[in-house]
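Below are two complexes that have chain A in common, paired first with chain B and then with chain C.
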Partner chain A sequence: MRVWRVIEPYIGFLLQGFALTIFACLLAIIGAVILGGIVASMRASQRSALRWVAHAYSDIFRNVPFLVQLFFLFYGLPELGIYIGAFETGVIALSLAGGAFVSDVILSGIRSIDRGVIEAARVSGLNDVKVFLRIVLPIALRVSVRPVGSVLINLVLTSSILSTITVNELTGVAKIVAAETFKPFEVYAVLLVLYASFTTALSLAIVAWHRRLNRFMTGA
Partner chain B sequence: MIRIKDLVKTFDDSTVLDGVTLDVNAGEIVTVLGASGSGKSTLIRCINGLERPSGGTITVDGNDVTTKAGLAASRRISATVFQLFNLYPHMTALGNITLAPVEVLGKSKAEAEEQARALLAKVGLAGHADKYPQQLSGGQRQRVGICRALAMQPRYILLDEVTSALDPETTGEVLDILQKLATEATTMVFVTHEVAFARSISTRIVFMEAGKLLVDMPTEEFFAENGGLAVPRIRQFLSQIRKD
Partner chain C sequence: MRFADFTPFDLVLLAQGLGVSLALFLTTTVAGLLLGLGFAVVHHFRFPFVNPLIVAVTEALKNSPVLVQLFLVFFGIPALMQIRMTPASAAFITLSLNTAAFAFVIIRAGIESIDRDQIDAAEAFGLRRIQILRRVIGPQALAFSIGPIVGILVNQLQVTSLISVIGVFDLTKIGNILNLRTLEPFIVWAVIGSIYYVCAKILAHSGARLERRIRRSYAWGEV
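Presenting the complex of A and B:
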């Protein structure tokens, strides 16, 4: 097989890149979901200062190209005397950008919750923090799992941009292999399969999680 | 004792409660009757702090519900059952009932669950503890709603049209349970359209009209020819209900 003959000498190298992509994405997914949850709660807050900060954050990160955010952090932070590695910068940038979109989705989940359910929790004497953690967030997450999943898949696809700041993740190593072999078609065909298998696995996991969370819920 | 004095509630430019004064003493079962839109539910929502009064005062055993501390104290000793049940959809019946006793009263999980199972057994739902609201019928959900209120061992129970979303058969299930509660000397404020039932369990009946208390009478007097029935508006209201 033609593709295999080209790829075989580089397969270990490519898989290393793939592993780095998976690692960066999993860290960024955790970061984006936690950040998104916190920012969504701030945006739903009664306190206007919290709402303002959260809005400013999500507006900035949703409205600026990811490449610009990434360069800004990668080249900007050292100017401020903050030195972190390219990999760390990439994970932070992905988390920040992903978190802005995740907060959007969770916020709409929060807004879709039946007011009466929240009122019942309040009347029972639960304080605002407990109402949020025990009632609002768990219900919002059930509604939001699938759209959050779309955001996370997009985050995986976006991770290829980390190759522009010297992170040798999957796209980064593929560029090197393509340059060495002069066989870009074969190299990117493999890349396509690897990205698709990662995002497919992710979306299957999300469907399973959604099903599990909603096994006894409809309509809520 | 629940003391409501000169309560006013306005939404934008409409006045929903217009100077309501009402005392509910321990052990009383006060039914609030009135047409839709007369302010009955808003009255309940002001007592449990879901609406902030625009004027007047409400205290529950001396706790002013318009202050944060007063409202928290008042919510520990009173409970509400809602028209649309408002169960937590992501929790089992048991989870719905034990949440507040554990989180608010500081009970241990084991103690709260034992109590919850006893309550469920009492309302005929012993085998349903681990079901989610979605798996229960309307009448069963409302019975869980009542258990959730009772689990707080409240001195006062506020019932806001608790059978309005149920069919006649399941309404019976729920009313049977309330009947039992009534004999256990729980203090209740009961907003309802079930006039016959109200007559059988309440000690007092309050009739609301356009945000005001039209009458406030002991139950027998309310249904007497020379008492409540002598008021043309009440006579009209009751005959309307009987026609339904």
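Presenting the complex of A and C:
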């Protein structure tokens, strides 16, 4: 196997990068889901100021390339006197970008809820906050697991861009290996397989989670 | 005045960068949509052995980072096949294939969304398969898929920023140059970001108008 001969001496190094990618993605996924949930509830709120701010955030972060957002934070934050590492900046940027997309999905989950359910909860004497936290959000999250999943898969693919700000995650490590071995094709082909396996595993996990959350649902 | 300050010439630079970005976006969109349509038609006619290949290639393209695909085409293919590759042609190949992969999935879903009964009816009228595809399936599949296609195009516009990494002088690369020279990241990246934002908005807006028009011209049976 020609590919294996090229990769073999660097396999530990590549796996280190892979571990960093997984770590960054897990942090960013947590950040994006929390941020997305908060922003989605802001966008569904009765106050127009909250709604406007949340909408502007998700609109901007969805329509500006991630690379530009990343450079803005990476070069801009030190100007503000905030000195954090490239890895932290990358995770923050990923969470911000992911949160914008996640909020969109959760918002449409919230909007898909039958008015009757909310009215029934109100009539039962729950106040607005409780209706939102106990009734609306659980249903919305249950509906949005699958679309959120595809956003998160996109997030994993986007994490490769962190290599441009000197984070040595999988793509960054692969760049080094490709430069040392002069075998870029083999290295990047292996990289494609690694990313594809990570995203496939993630999508399987999401399908399983979706099934588990909806195990009491009948029909759709 | 320092030599590093902003000059009026920077506007020319920005316009050049925007031109490169848009030109690459437009050409890869046309190539990608045509290729994706070709894949979908081939897939529809079920040639032996071809369908699994198309599905495998498009899945691989959809499930791997565009940056890695760019590196594979720009660094990998020249090293493997001993050919020359300019950054622009590598960017064109990668982005076209990428758009084609997403377009294929959407158009295939559009074709498959059409009721089997309609095709049976058309066959009963004696239409040939190619006629059915053009007259029955095509228009409805177009109306079905135009919305999602505009969605991926807005996304692809942002993906074009990645070609700066392999050295194409697009808008993001110009931003990089200005940023390194002026050391004003807030101004530079805010300007670059808003240019992309405006382009994306124009694209989404005109896409929505096109979608409305197509849907209106195909709407029938409603009074």
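Heads up, the rule we're going with is that the second predicted complex is superposed on the first by the 217 of 220 C-alpha atoms of A that agree within 3 Å, B and C clash if a C-alpha of one lies under 4 Å from a C-alpha of the other, contacts with A are read in each partner's own complex, and residues count from 1 in each chain.
Going forward, contacts are C-beta pairs under 8 Å (C-beta built on N, C-alpha and C of every residue); 3 or more make two chains touch, one makes a residue touch a chain.
Keep in mind that this is a model prediction, so the values were computed, not measured.
A.B. asks: With both structures lined up on chain A, is it a clash or a fit for chain B and chain C?
C.D. replies: After superposition on chain A, chain B vs chain C: fit, no clash.
A.B. asks: Classify the contacts of A:K130 with the two partner chains as first (chain B alone), second (chain C alone), both, or neither.
C.D. replies: first
A.B. asks: Identify the partner contact of A:F216: answer first if only chain B is touched, second if only chain C is, both if each is, neither if none is.
C.D. replies: Only chain B; A:F216 stays clear of chain C.
A.B. asks: Between chain B and chain C, whom does A:P9 touch in the aligned arrangement: first, second, both, or neither?
C.D. replies: A:P9: touches no partner chain.
A.B. asks: Looking at A:G85, would you say it contacts chain B, chain C, both, or neither? Reply first, second, both or neither.
C.D. replies: After superposing on A, A:G85 lies clear of both chain B and chain C.
A.B. asks: Does chain C touch more residues of chain A than chain B does, or is it the other way round?
C.D. replies: C
A.B. asks: With both complexes superposed on chain A, which partner does A:T164 reach: first (chain B), second (chain C), both or neither?
C.D. replies: second
A.B. asks: With the two complexes superposed on chain A, say which partner A:I139 touches: chain B (first), chain C (second), both, or neither.
C.D. replies: A:I139: touches chain B, not chain C.
A.B. asks: In the superposed arrangement, which partner chain does A:D114 touch: chain B (first), chain C (second), both, or neither?
C.D. replies: It touches chain B, and chain C stays clear.
A.B. asks: Considering the aligned complexes, could you tell me the closest Cα pair distance between chain B and chain C in angstrom?
C.D. replies: The answer is 25 Å, the least C-alpha separation in the overlay.
A.B. asks: Touching residues of chain A toward chain B in the complex: what are they?
C.D. replies: 114, 116-117, 119-127, 130, 134-135, 138-139, 142, 213, 216-218, 220
A.B. asks: Using the touch definition up top, name the residues of chain C that touch chain A in the complex.
C.D. replies: 60, 63-69, 71-72, 75-77, 79-80, 154, 158-162, 164-165, 172, 175-176, 179, 185-186, 189-190, 192-194, 196-197, 200-201, 204
A.B. asks: Once bound in the complex, which stretches of chain B touch chain A?
C.D. replies: Result: residues 48-50, 72, 75-76, 79-80, 82, 84, 86-90, 99-100, 103-104, 131-135, 148, 152 of chain B touch chain A.
A.B. asks: For chain A, which residues are in contact with chain C within the complex?
C.D. replies: Contact set of chain A toward chain C: 60, 63-69, 71-72, 75-76, 79, 153, 157-161, 163-164, 171, 174-175, 178, 182-189, 191-192, 195-196, 199-200.
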